[in-house]
Structures are given as C-alpha cells and as structure tokens.
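Two complexes follow with subunit A in common, the first pairing it with subunit B and the second with subunit C.
Up next, the complex of A and B:
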C-alpha cells in the first residue's frame, strides 16, 4: 500500500470520522468545535513552519481576515454562509499575496514582521473611522446565518482539506523540495528547485486554511469583536501545539493539540494563572529537552513517524 | 507642532531605553527575548515596591533594579542559553522558549500580586532631586512640570529621558571603550570567527544578557510614569514596542536604537495629535515598511535578507 493511502486511511479518515460522530455522544459542542479549529490552525502552522521554516508569529492575521471576510459578505451582500466562508478563505489568500514580500526576510525578522502585519490588520479593522464598513471596535453580530451544526460540519470539511494538504506535502516531491529549501535554500535552488514559487505556494496554502477556519469560526460564534478573532492566543497556541507534537509530520500537530488543548480545558478555566504557569514551564521544558517535539521520542529510537 | 515634537523626542529617548536591552541580546546571541517586556514589568514592580514599602524616591530603584536583574540575567543565561544553542534552529526556538518564560513570569507575578492596575503618583519620581533642580534652574524646590521653549512637560518625562540618555551613553562606552565590549562587538559581527579566534563567547554573551535584562528593568522603573499604570499583563505590548524601536534603528548599534526610539516617539506623537484614530496602526506599518524597504535598519549593515 502506498504511503499516501496509508496516511489517509490510518490518520486522516479515523480522525475525521471520530470528529463527525462525537457531537452526537458528547454534549460540549463548543469544545469540540474549538478542537477542530485548533487542529486546522496547528496543521496550517505545520504547512508553513514545518515545511519551509518560516515561523508565522502573526498567523492569526489570516484567521481574523477570514472571519471578517465572512462577516462583510454576510452583512453587506447577504450571501449564504458557505459562500461567505469561501470568501473568508479568499480574503486570507489575498492578504497572504499582499504579505508575500515578507518572505524575503530571514528568521526572526519574518516572524516579527508577520506579527506586526497581523496587528496592523487588527487595528485597521478595529479603527472607529471605518465603522460603517467593519463596525470598528464594536464587533459584529450575524444572527441571520447562525447555525452551529452546519458550521461544525464545515469546520470538519476544512480540516479534511488541511489534512489532505499535509499528507500531500509529506509524500510528494513538492513537499520534499520544500524541506530541501528549508534546510539549505541555496543548494536547493542549484538543484533546480524554484525556491520563491514553492515558498509562496506553501505560504498561500497555509493562509487559505487559516482564512477558511476564520470564516467558519465567524459562522459558528456569529457574535465577535476584532480582539476575539485577532487574539494573539490563536497564533501562539497553534505554534506551540504544532511544535509540541513535532512539525513536518502529520500526527505531530494533532497529538500536540489533543494533549495541550486537553490540559488547557481541564485546568485552564478554573485557575487561569496556574494554568499559565504550568503551560509556560511545559513550553520551556519542551524547547530545552525535546526541541523536535514529542514525535522525536519515537524518531530517536529509529521508528518512522508519519 | 512644537509640543508633539518635543514630547515625541522625550518619549522617543525613553523608548530607546526600552528597546536597547533587546537589541543587545538579539545582536549578540541571535536570541529573540520575547520576555523582554516582562522584565520591564518586573522593573516597574521594583519601583513600586521601593515607593510603597520604603517610601523612597522611585529613582533609587534604577541602580537596584539594574544590579538585581543583571545578576538574574547571568544566572538565567547559564540555565537556558547554552542548552538552547545546541538545538537545530536556536533563533526560532528562542521565540518559543522565551514566550514560555514570559508566561511563567506573568503567571507568577499574577499569583503573587494579583491582576489589579498599579500606579505611582508622578510627582514622586526624582522628588529627592528637586533641591538640585532648584539650585540649577532657580525657582522653588518643587517637582512641578518642566518648561521647555515655554511649553510645560511632566517632570517624570524629562527625568526618564535624561536617565535614558545616560544609560545609552553607558552602553556606548561599554561597547566601544572596554575590552569586554570590543569582544562583544566581535561576537555580534562574526560569531564563528570570534569563536575561532579564541574569544570566550559564553562569557561575552552572559555579560550581554545580564546587561540587557538590567537595562530592561531600568526602563521598567519609569514605566509607571510613562504609561500611567502597569499590570502583570503589560509585558507583551512593551515587547512589541521594543521590537519596533530596535528594528527601526539597527542591530548591535546603540546609537541606531536611540535614533529608532526618537523616530518612533516623534512619529507616534505627530500621528496621535493629527490623526488620532490611526495612531495605533502606526508602529506596525512603520515596522513592516522599514523591514521591507531598508531591512538593515536606519544605521545598519545588510544582514536580514533571506
């Protein structure tokens, strides 16, 4: 059996089936929805960081842009929700195209510029001067499209798309070329890899899934403020989840979300500062002792982790 | 027009003090200290403690905070950094490590001090120097506003700006007039060659790390006066501002950071005065524009392009 098929059959399909069935046996639908959103975002970070080495510290910019793309479509054009979600993805891709020049920056400079870009989009949308278009800092309320059941289904579909992209990257020559660029862009370009084009494609794919996730998030919650959908927590959680599990793998980010977001929901709500303490220590321990993520526990022993 | 210009310069000098520690740490170790703003916050707590517990002038906190955090920085360096630099991608992992560390600091401060906003009456700053001031400038021995070109500015702004200039001057002297400073600049410009010539990179880096944290804490002493109040959660905003200032100037050059701070302060005050609803957008747009148009900063060498 080829690896691609095995990855679909044993990782993607079981996860999607479980997520599709869970709402009928488990009551906390909001929690499930958030899990799906973080699966998508962590894999989105995996696409851009794991395969190209660019750490998107302002990843939430795409998410928020997607959410507002959705909101603007619904408010001004009265479009049906699924179309608006697609528009959210499109808005994020356009934002990604505008931000493509950032890929010229190396290492930490890219991360900082990306963070600044996300904050710039936030302050643009939250600007009281644009209240007639975006409702400014007062937030949007989209009662007409409110339908959590369908929004959840949409989120699972987007997760399927995201997993599809990651499985493709993991098993294709395209993904291999991307990793070659990450390791040594100069040698890769000497071997005939079109460095700029490949990075741009990965960047836009990662923007697309975050934008779609933002759109479906807006659909699900239907009432939100700029600060909610542009909260730096989304970027940081997604990055930490992905790294905790281990990037450039299919399972790593998924494991990271299940463990860390699970812990977050067990102790995070009652005593946030103790959770923050444990979380911070966990992150530090991870970087110092397991810099390649949980999956490196297995890869060190020579086991192949998809 | 004159008022925002002078206020901008005063604030800008202070902002360069805020950024300079970050500059030193990144320049020498290629480590992104995302916890920079949290050391600022801890410095503010030092000033607050000195004022409330001992009733002393918060200015006394400057040497105390510097000494305290210099030592803390040396200890932290040996605990965290050598281990981090053995990892595959230290620059990116430092982002995550220090994010975790900032979470730990924020959580511990919240657990100990609570989340309430604190402030110190601004006339208390440099109260003990009001006699000296009266002797130099004439007038009564009070700590009222300063007169510059017939416009009056809070005394705390002037004191903070003065201390910032002195501190930046000291960093300049350290880097250009002492042996350890010369070695530091050698490590900044060519790390590998510095190791090859037998420079003890760890010692140089530890010193830079200690000084960097010490300077952050010194900047923090003035934070209650410049920002009005502070909470344990204010670290992140301070970190982003520091990044803007550092990137505007250039790495490894204290004069660049001073220039970056002044440019930032003046443009912030001008936008605040004439286009106040767009003022929040400014630092981020400025940051992206500078990174893309002149990646090496206003006074820098070309180092940032991927």
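Up next, the complex of A and C:
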C-alpha cells in the first residue's frame, strides 16, 4: 500500500472519525471544538515551520484575520456562515501575500517581524476610528449565524483539509523539496528547486488553514473581541504543541496537542500553579533532551514515524 | 578528450565587487563541451567568486556570462540548473536530515526537465554511495558528503559542471579514482571547470588552465607551461622566486 494511502487510512481518517463521533458521547463540546482548532493550528505551524524552517511567532495574525474576515462578511453582507468561513481563509491568504517579503528574513528576524506584523493587524482592526467597519476595540456580536453544531462540523472539515495538506507534504516530491529548502536554500536551488515559489506556497497554505480556523472559530463563538482572536496564546500554544510532538511529521503535532492541551485542560484551570510548573518542566525537558520532539524517541531507534 | 570548437560557456570582462574589493576584475575565458578547464591561483584570487557568479549566487557588476549563446548573468540559480549549469561546493552542503536517496530525488525531480541520464542506483553505485543510500546525509563522512554533492549536481543532468575543490581531503587512491570519473564525464560531453589547489590533480585531469590573480587572468595554457612562467611563479611563491 502506498504511504500516502496508509497515512490517510491509519492517521487522518481514524482521528476525523473519532472527532466526528465524540460530540454524541461527550458533553463538553467547547473543549472538543478547541481541540480541533489546535489540531489545525499546530498542523498549520507544522506546514510552515516543519517543512520550511520559518518559526511564525505571529501565526495568530492569520487566525485573527480569518475570524474578522468571517465577521465582516456576516455583519456587512449577511453572508451565510460557510461562505464567510471561506472568506476568512481568503483574507488570511491575502494577508499572507502582503507579508511574503518577510520570507526574505531568516531565523529569529523572521519570527520577530511576523510577531510585529500580527500586532499591526490587531491594532488596525481594534482601531476605534474603524468602529463602523470592524467595531474596533468593542468587539463583534454576530447575529443569525450562531450554530455550534455546524461550526464544529466545519472545523472537522478544515482539519481534514489540513491533514490532507500535511500528508501530501510528507509524501510528495514537493514536500521533499520544501525540506531541502529548509536544510540549505542555495543547495536546493542548485538542485533546480524554485526556492522563492516553494516557500511562498507553503506560507500561503499555512495562512489559509489558520484563516479558515479563525473563520470557523468566529462562527462557533459569535461574540468576541480583537484581543480574543489575536491572543498570542494561540501562536504560542500552536508552536509549542507542534514542537513538543515533533515537526515535519504527521503524527507529531497531533500527539503534542493531545498531551499538552490535555494536561492544560485537566489541571490548567483547577490548579494553574501546578499546571505552569508541569508545563515549564515538560518544555525544558523537551528542549534539553528531545529537541526534535517526542517522535524522536522513535526516530532515534531507527523507526520511521509518519 | 576532444573538445568541441564552439564554447558552451563564455565569460566576458566579468567584474564583481564586494565593497571596495574587486573579487573579479575583467575576467574573460571560455570552456567547451568535453573540455576540462582548471581555474588556479592563490587564495583570494577570485576562483570561487567566478564559480559563484556563473552558478547564479552573485550577479556580476559588469560583463556577461554567455551559456549556449544566451546571456545568463544574474539569472536565478534554479533557472541555470534547468538550462544545464551545476556545481559542487567547497564545503559540501547536502540536505543533512534527508537520506542520500532523498537528496538525489530532489535533484532528479527538479533538475533539468526532460533530460535522461543514468539511473539513481547507477549513480549511487558509481560514486560509492549505495551502501549508505538510506542513511541521513549527516551520518556520512566528509568524502561521502563530497560525493553526494557531486552526484546531486550530476543528477540534474548538467551540461556544464563547476567543481569547487572537490579533491581537497581525498586520499591518493581516492584522488586517482575521482580523476578517472571526472575524465569519463568530460568524455561523455560534459564541460567541466575545476577549481583546485592540488596541482598534481589539476595536471592529471585538465586540458587547459587559467591562472588567476586579483580577479584577473594572468595565464592561459597547459599547467606544464604555466609553472615555467615567471609571473605565475611570482603570484604563487612571491617575487624573489621568479626566474
């Protein structure tokens, strides 16, 4: 059986089926929804960081842009929610296009510039002068679209798309070329790879999934402030989850979300002091002993982790 | 070796500045299919800069690079690869976390479209990489990484190959072996430019050498003649040794 099919059948499909069935047997739907959102965002970080090496500290910019893309469509055009979600994805892609010059920067310079860009978008949207368009800092309350059940279904569908992209990257020569670019961009171009084009495609794909996730998040909650959907927590969580599990794999970011977001929900609210202690220790341990993430426990033994 | 008469690469009056330093200062030369041309000269004479300009890492500040009659100076590297120019690196730069096979797969997939050549397994076998084909590149020895870098370049089906100090670090047996491989590649029609400090190796494989100093050509001909030219001796050994 080809690897691509195996990865769909044994990773993507079971996860999607479980997520589709869980709401009927488990009551905390908001928690399930948040898990799906973080699966998407961690895989989105995986697309851009795992496969091209750009660490996007301002990744939430795409998520927030997607959420506001949704809100603007609903508020001003009375658009149906699914169309508004797609518009959210489109807005994030446009933002990604505007930010493509950032890809000329490397390492920490890129990360910081990306963080600054996300903050710039936040302050643009939260500007009181734009109240008539974005509602400024006062937040949006959307009427007529609130439907958590369908929003959840939409989120699972977006996760399916995201997993599809990651499985493709993991198994295609395109994904291999991206990894080559990550390792050494000049060697990659001397292998005939159009480095700028490849990076841009990965960047926009990563923006698209975050924008769609933002759109579906806006659909689910319907009432939010700029600070909610541009919260740096989204970027930090998505990055930490992806790194904890192990990037440039399909499983790594998923495992990272299940373990770390699981711990966060088990003890993060009830005993936040222990949560922060455990989180801190886990992250320090990871950086010191498993810089390539949990999956490296297996890869170091020569096992191939999809 | 029977070089064609029509050069596949011609560089005219190349100038490349880094700040006030002229790394290339009016360099002019040509190379034909099937020919092995040596670029020699002391450190800092502009050999590697010449390779970097021809392979698209730097755009020239003046002058032109004509490949197959078309001006390609300043063109993006991947486009040069698609036209048939490739190179190796002084310090090999394989994709470290990818396996040897994956390294080559990238080059074969994205290299010169439509070109046919030796299969991946033939290349791996020929350059002694078959045993490590499924190991990540960072597990390889320096010599194996150099061979991988060479095979990566060959996998793109080049018509002009630039070798930047490929022989450094190889033992005498490996040198003889790689010299034969390079000569065989030229016999197959490939134009090759070799930048090298090992004069014995240069003498063994080249048809012609260009001796460079301060970004300019100071001699063109065979190495046997070059070593008797006072100006060449002077740049290599200092003024008092010149006859």
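Definition applied: the second predicted complex is superposed on the first by the 305 of 306 C-alpha atoms of A that agree within 3 Å, B and C clash if a C-alpha of one lies under 4 Å from a C-alpha of the other, contacts with A are read in each partner's own complex, and residues count from 1 in each chain.
The definition used in the following text is that contacts are C-beta pairs under 8 Å (C-beta built on N, C-alpha and C of every residue); 3 or more make two chains touch, one makes a residue touch a chain.
The structure displayed is predicted, hence computed values, not measured ones.
Engineer: Would you sort A:116 into first (subunit B), second (subunit C), both or neither based on which partner it touches?
Structural biologist: First partner only.
Engineer: Have a look and say if subunit B or subunit C is in touch with more residues of subunit A.
Structural biologist: Touched residues of subunit A are more numerous for B.
Engineer: Taking the superposition as given, does A:180 touch the first partner, subunit B, the second, subunit C, both, or neither?
Structural biologist: So A:180 only meets subunit C here.
Engineer: In the superposed arrangement, does A:242 touch subunit B (first), subunit C (second), both or neither?
Structural biologist: neither
Engineer: Where does A:194 make contact in the superposed view: on subunit B (first), on subunit C (second), on both, or on neither?
Structural biologist: Touch partner of A:194: subunit C, not subunit B.
Engineer: With both complexes superposed on chain A, which partner does A:277 reach: first (subunit B), second (subunit C), both or neither?
Structural biologist: Only subunit B is touched by A:277; subunit C is not.
Engineer: I'd like to know which partner A:216 touches here: subunit B for first, subunit C for second, both or neither.
Structural biologist: Neither partner.
Engineer: Quick check: in the complex, which residue numbers of subunit A touch subunit B?
Structural biologist: Checking each residue of subunit A against subunit B gives 49, 53, 55, 57, 101-113, 115-117, 119-120, 123-124, 126-129, 185, 232, 236, 239-240, 243, 273-274, 276-277, 279-284, 286-288, 291-292.
Engineer: Please output the residues of subunit C touching subunit A within their complex, sorted ascending.
Structural biologist: 55-57, 76-78, 81-82, 86-87, 89, 93-98, 102-103, 105-107, 109-112, 152-153, 155-156
Engineer: Which subunit A residues qualify as touching subunit C in the complex?
Structural biologist: 173, 176-177, 179-180, 183-184, 186-195
Engineer: Of all residues in subunit B, which touch subunit A in the complex?
Structural biologist: 26, 30, 32, 80, 83-84, 87-89, 91-93, 95-97, 99-108, 110-111, 236, 240, 243-244, 247, 277-278, 280-281, 283-285, 287-288, 291-292, 295, 304-306
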